[in-house]
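Next come two complexes built around chain A: one with chain B, the other with chain C.
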Partner chain A sequence: MAGHSDSNSSEKKSSEAMNDVPTFSAENLQNNMKVIYYSRTFMSIIGGVLAGILGFTGFMGFVLYLLVMAITSIGLIAKAKFSVHAYFDSWNRIILDGFMGGLMSFVLFWTFAYDIVHIF
Partner chain B sequence: MAEDLVLDTAIRDWVLIPLSVVMVLIGILRYFVSKLMRSSQVPDPKIVKEGQVIVRARNLRAGANFIPPKSFRSRRVYFSNEENGLLFVPKGQAQNAQAQMFSDPNMAMDMMKKNLSMIIPQTLTFAWVNFFFSGFVAAKIPFPLTQRFRSMLQNGIDLSTVDVSYVSSRSWYFLNLFGLRGLFSLILGEENATDDTQRMMQMSGFGFDPTKSLGAEKDGLDIVQHEWALPKFEHRAEAVLKKLIR
Partner chain C sequence: MGLGVIIGVFGVLILSHAAYSTIQYRGLLKIMEEEFSGPPMNVVLELLLGFVFCIWAALTVPGKFLSIHPDSEENRIVSLSANLDFMIFNHRAKAFPLEIDMKLKH
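Take a look at the complex of A and B:
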């Protein structure tokens, strides 16, 4: 998807290859977190517009949001070539980070698209 | 009462879209104005020195296991020594720094400017929305909410039988306020002054930084158990070389 290649410009290696004494380059870690945040925001906006156009209401819309988040997570993990620990310091980051912020954008664009297409 | 209301197209054209466009534009305007108004303050050398000391102590803590035990201990004593250790701040001095920070006119002006540039556009826009766009149904939110939200969301609408999903324009304003934060971070780049939480973190990290974090760093440094990593390196080197040979 175009969104992925746009915002995943560079994910830098943030930990050395020492597996038993992990060291993290804070700057790279921060950069990677930013990449995750941008990807999630972008995908949640797209997902919101999609949900609105398709006419999902209520629970189905949130299911779609979870689906979009899961797809984003999988995309990010695939981009990190499945070695998550080389790029991030814990699993939770790549899966859960930016969830809430994305939710607000999702709801906004969902409401917007839904109203424009279905109510008016 | 689940029939669908049919809403006028004019509402969509003249309420929803202009409101969103105005909010986006105001956000962009606020970003540029705050960039222009940011006065370049000469950083106080004492503050900078303390900040660097904290960074050094943090690096020591992070890399503690890569230096021999004796040198780690000597470095640690250098930092947390009671008499002239860099991190040790006697209690009397700690209070002074805070008070001085807040009475310093430059910094007070700066904080006031930042506060104002956040609050004024929000207040103005909210007043504008209330004045022009009240008293009618503006949008329908696609998910159902309980009756308790009715008073919050349906502010200008005086019919109590209308479904709670039909909201007034005030709630559209709030929805925009929260939802556009993500959009701003995408279009304005990393540094944008629209996020409330970021602003609050900046404000709180202002006067309290040197005093409390010095004590925190000292405690952290005291806690560290030194475990020298060098003996393990031989095993690692052996493992790596074995892999290479195969």
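Take a look at the complex of A and C:
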């Protein structure tokens, strides 16, 4: 009996066979979200340093931020081998998550780098 | 993961070298009293190279994506959480002599 187990180490969202509610491993999903968060935060910081060194001020800097986030999204989708539904439950997670938090880090490192390179 | 960290550090070093070059370039422009419109082309190339290294590091260092399907190949092994509810101590190891006794006789 010890070998017969059809439950998972995961929490199931629903286990009814009648309703077709998809179940997934929440622990793995959380791991994937953590990976995305780390990747995006690091790329925001690098994007900020880049904007500061290039000397962007004002609107151009935010355009660069959007560009860096788009490149990061594409990189993450490529890392998931383009089958997003095997690793996440919706597209929004891989595209939009961490956007706002990254914006704060971006502006911080943008001002740091700009000050160091262009003002002092 | 070790290689990813090395490449990330390398990318950051390249970026800081580019920053230093830009600082020197600005100093030069101040002497020649011209406006700063953008770093020189080789600095831009260096920035691009450092950026590519950092992207590579950002995608490989944090770890792999794990599949969330319950019935996929890599989710087959089930492990219960290691908390006290599942630990039993009333098993047949009590047939062994106590290690304390063995050590005293030695």
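The working rule: the second predicted complex is superposed on the first by the 99 of 120 C-alpha atoms of A that agree within 3 Å, B and C clash if a C-alpha of one lies under 4 Å from a C-alpha of the other, contacts with A are read in each partner's own complex, and residues count from 1 in each chain.
Keep this in mind: a contact is a pair of C-beta atoms (placed from the backbone, for glycine too) under 8 Å apart; a residue touches a chain by one contact, two chains touch by 3 or more.
Quick caveat, the model's predicted, so the values are computed rather than measured.
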item	value
Combined model on chain A where chain B meets chain C, clash or fit	fit
Which of chain B and chain C A:Asp115 touches, first, second, both or neither	first
Partner chain in contact with A:Met104 - chain B first, chain C second, else both or neither	first
Partner chain(s) touched by A:Thr57 [first = chain B, second = chain C, both, neither]	first
First (chain B), second (chain C), both or neither touched by A:Phe42	both
Partner chain(s) touched by A:Asp89 [first = chain B, second = chain C, both, neither]	second
Closest Cα approach, chain C to chain B, once both complexes are overlaid on chain A (Å)	9
Common ground on chain A, meaning residues reached by chain C in one complex and by chain B in the other	23, 34, 38, 42, 116
Interface residues, chain C side, partner chain A - complex	8, 11-12, 15, 18-19, 22-23, 26, 36, 38-39, 43-44, 47, 51, 54-55, 57-59, 61-70, 72, 75, 78-81
Chain A - residues contacting chain B, complex	18, 20-21, 23, 34, 37-38, 41-42, 44-45, 51-52, 56-59, 61-62, 101-102, 104-112, 114-116, 119-120
Chain C contact footprint on chain A (complex, rising order)	5, 7-10, 12, 23-25, 28-29, 31-32, 34-35, 38-39, 42-43, 46, 49-50, 53-55, 71-72, 75-76, 79-80, 86-89, 113, 116-118
Residues of chain B that touch chain A when the two form their complex	4-9, 11-12, 16, 20, 62-63, 65-66, 139-144, 172, 175-176, 178-183, 185-186, 190, 229, 232, 236
